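Note that chain A is present in both complexes that follow, paired respectively with chain B and with chain C.
Take a look at the complex of A and B:
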């Protein structure tokens, strides 16, 4: 029973964190039609900012990590701006930026795994399995942030985002400031990734390569959930989270990427356009 | 083809002129050039954005090294090891291509981007065979001897370049380009688009595996960096700056970019006594260059190639 309980919580925590990253990645693609390979860099910068600011207290670290996340997002916005229409060049620029951030973090923090003392201590006990309270807090925070995103998407600003993602030229003709929507979408997505980074580093340990790894998971999630669909990303994040949690518990963490690939390949054999994707 | 022969003769000439200290790097640059040219077949000619080319480089390298060095308990002949590296890369390319190439555009790019990181994990999972983080050495006695090393790299790169040129100028090449330019139209005139996309991806992967194995023979060691995203980015960079869809462009810019990386960026860092990886400078330059001139050099280069060839 305790194994089942720990699987339920563990998978949900991983799924929740990835949902924050993948939803932002998917949102940026949906609106700007750009594959932001720098999205993992926002996540990892926020996680390391949490490490750096942790000495001043976790609340200051929270603000600090969000600010760093937003700053990195802003840099990405300006890097993408001139090459938005050229898909491969946009990939080169954002991928080069991601690797640049990785090497800088390696230079500053070194290669060893880092973690911080979580903002809440203590243990929960469910069906005989014990969890650090921070995991439950992380899960709740992720769900609240995703609900907030859902609410934002229903406001008139959210409708502007949807309009731009469906047809940016038509949206412009209707008087929507498309450039402003682009900027705000990147900032919102950065905020989601930064929150994910802030909580991730309290639950797991981080190293500079994690930025790319998280990006790879975001790719897997959007392949399954459909590019541009936030709902699809969230659902497939949790599905993949459970698959990975089961792999880590029953095999070893090293197998998680292989199992993830296997899951994608099997899904694609059965449904060539992903679980929620539609045929083009 | 004329340019390929000029390349071979110039390379041969350089062997007698260049000081030996430089030959090692130049030979390595030639192998890298072969990698970026082989990437071009899928991306530039068939129009499928493949971000997982290094999967096959690493796979070919590891299969070759494991068989040659007898890490499975039995030492294989060098030709068998080469053949196995090519066949395994080609089969994985064909199998993966058959599944993933049904996906269009962005989805294909994303799923190929996942591949190298996944395969890199196999190195750590089976670390007693693959040597884990540090990789392993195949042993000096099994590598190419230093005096033949450069000529070996020249020959491998010339072979890859020539085969690629023959393919893109054959009727296969014409079909690949038809798919790239307009997939619906290609299908309408009776081209089995999926079959040719898979074929293009398979050939490209087989060549990556072959060059990966050649790199092992060249530098004696194999390590996870052959799967790395850094190598993938270098390939994309060289190809896009050189102009995709030309074979020559990615090839010669691959050569140039690698030499610049080693001789200019590394020397620059050393002269300032900066102890950091040359990648940081390289990526910074790359970002600035890509933003300032998205298609400047490529277009210029393409015009000149047409005139010479």
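Take a look at the complex of A and C:
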């Protein structure tokens, strides 16, 4: 029983964090048709901001991480604005920006991992399985944020997002301020990544290389879920979370990433357009 | 008159030898502290030596190569330093895999290599084919000795009343940790200690929580980390401090030696027991030169040496200088000739160690001599933000401190928190309509 409980919680926490990152990545692609390779930079900047502001209290750190995440997202918005129609150029610009952020963080914070005391200390035990309480808090936060995102998507603004994602020219003819939608979509995605970064550094730690790792994970998840499908990204995040947790629990930690990547490859062989992607 | 003639001969000899500049190469992964701290230490030593007149009047020029922790890059960078930069001696290395690859280029180019890295396979090469590999000397302890350090650590804990019957090992998936455990298993058997699990983890791994909980379930008394390349020992320490298991964390966490480790882990490193690799913690320098080096490094770079490899690299340049000068004093025609320098380095053996930042002596296989009289990885502990040596007794600066949670009853909220979680999500779903 405790093994099942372990698997449920661990898989959900890993999945929840990746879902926040991947949902934002997917949202930007779905609406703007841009592969934002700078998405990991938002996550990692927020994680470092948490470390930097932690001395003033975790509430201040939370606000600080969100503001930094939004600021980085805003920079990305202005960087990709002129090249939005050129897919490859946008990828190169955002990737170059991500590398720049990585180097800046390396210069400021050094390359060793940094961490903070979690906002909630102590343990959580259910069905004989124990976890750090911060994992449970992270899971709740991830679920609430994803529900909030889903709620936003149901509002009139959410409908504008859907309209722009389906046909931006038609949306413009209907009077939707497409540019405003693009900006808000990047800011929403940045908030999701920043929240993920804020919680990630409390469970684990942050180092400059993490940005690229996050990007690779988010990209793999989004491909697996189907490019542009937020639902697909969220579900595939949890699938991968459970694959990683099950591999660590029942096989060996050394195989966790290999098994996860193998699962992605196999899924894409069977469904090349991802779990929730649409065959073009 | 006789004195004047002797002085003139000495002066002329120095002038003949003096070629103006000696190139010293530093090889390492320059993006990580284990590499760049070596370069910084060598640059510091070179500045000091140059200010005092250089080596036999020759100024030292430091050049470096970045091996990027890749054997093929390491090998080609070694060749560049030896053949293009004309380095007389190369200092550094870090990863065992890179070391084994660069040793082949070293043998081919016959370049003196004062090296880091810990794999016993490197010194085994010297033993197997001395003529080919004799240019290699190690200024870091052989990984086999890490097993002896662990034995010291366990014996020390037992002597302090902490029972160690079962251990859980977490180690890098890398050559060097295999060497350590190969030597460690028979020692543990001799001590009557059972290994309940031996887990290999890949680089960047961060899910230690499950491993710590598993160790608790398996009734382990000690979690022994053997970590250097994973780069996530801070996460292990943080998750251990968060979970607060009644298990000590004691072993080889390489970054725990860093002076800023406590700060980086936000205090989670408190009560962590670690081996002070390289025989130094900044709070207890074992020699006067070490004290000078630590302060000079801090004064020049604004921080303490970022990795213990810095001590070996600093020693390496002074060692090279001493060997060359000794060769010259002994009347060698070319005291810079690697064949000659090897001979003079070998003179620093167990019966004739040289005191630098540590007491350096080489074994017949050019390994660093291990032991209380030479370089040993002292059993140390982080206590309230400071590093203390616990063992050996003559070096000890503090007594063992067990984490306070060892005495506390654990409070683990269970269903209350689960219910609260379900309630929050339910309310959110309800609000969402």
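By definition in this document, the second predicted complex is superposed on the first by the 269 of 280 C-alpha atoms of A that agree within 3 Å, B and C clash if a C-alpha of one lies under 4 Å from a C-alpha of the other, contacts with A are read in each partner's own complex, and residues count from 1 in each chain.
We take it that a residue touches a chain if its C-beta (ideal position, glycine included) is under 8 Å from a C-beta of that chain, and two chains touch if they have at least 3 such contacts.
Not measured: the values here are computed from a predicted model.
Applying the stated clash criterion after superposition on chain A shows that chain B and chain C collide. Of the two partner chains placed around the shared chain by superposition, chain C is the only one that A:10 touches, whereas chain B remains out of contact.
Of the two partner chains, chain C is the only one that A:207 touches; chain B does not reach it. Using the contact criterion defined above for the overlaid structures, shared-chain residue A:104 touches chain B, although it does not reach chain C. Of the two partner chains, chain B and chain C are each touched by A:257. In the overlay built on the shared chain, the residue A:133 is in contact with chain C alone; chain B does not reach it. Legend: residue contacts after superposition of the two complexes on their common chain; A:216 is shown touching chain B, with no touch to chain C.
Of the two partner chains placed by superposition, A:152 touches none, neither chain B nor chain C. Only one of the stretches 42-50, 132-140 or 150-158 belonging to chain B overlaps chain C in the superposed arrangement, and that stretch is 132-140.
Looking at chain A, you'll find residues 106, 213, 252, 254, 257 touch chain B in one structure and chain C in the other. On the chain C side of its complex with chain A, the touching residues are 31-33, 173, 199-202, 204-207, 209-211, 213, 216, 231-232, 234-235, 238-239, 242-244, 255, 258, 260, 264-268, 306, 410-415, 417-418, 421, 424-425, 428-429, 432.
Interface of chain B with chain A (complex): residues 49, 51, 96, 99-100, 102-104, 106-107, 109-111, 113-115, 117-118, 121-122, 124-125, 229-230, 233, 236-237, 240, 244, 276-277, 279-280, 283-284, 286-287, 290-291, 294-295. Remark: chain A residues 29, 35, 37, 79, 82-83, 86-89, 91-93, 95-97, 99-100, 103-104, 106-107, 212-213, 216, 219-220, 222-223, 227, 252, 254-255, 257-258, 260-261, 264-265, 268-269, 272-274, 277, 280 touch chain B in the complex. Those residues of chain A that touch chain C in the shared complex are 6, 10, 14, 54, 106, 110-118, 121-126, 129-136, 139-140, 143-144, 147-148, 150-151, 204-205, 207, 209, 213, 244-245, 248-249, 252-254, 256-257.
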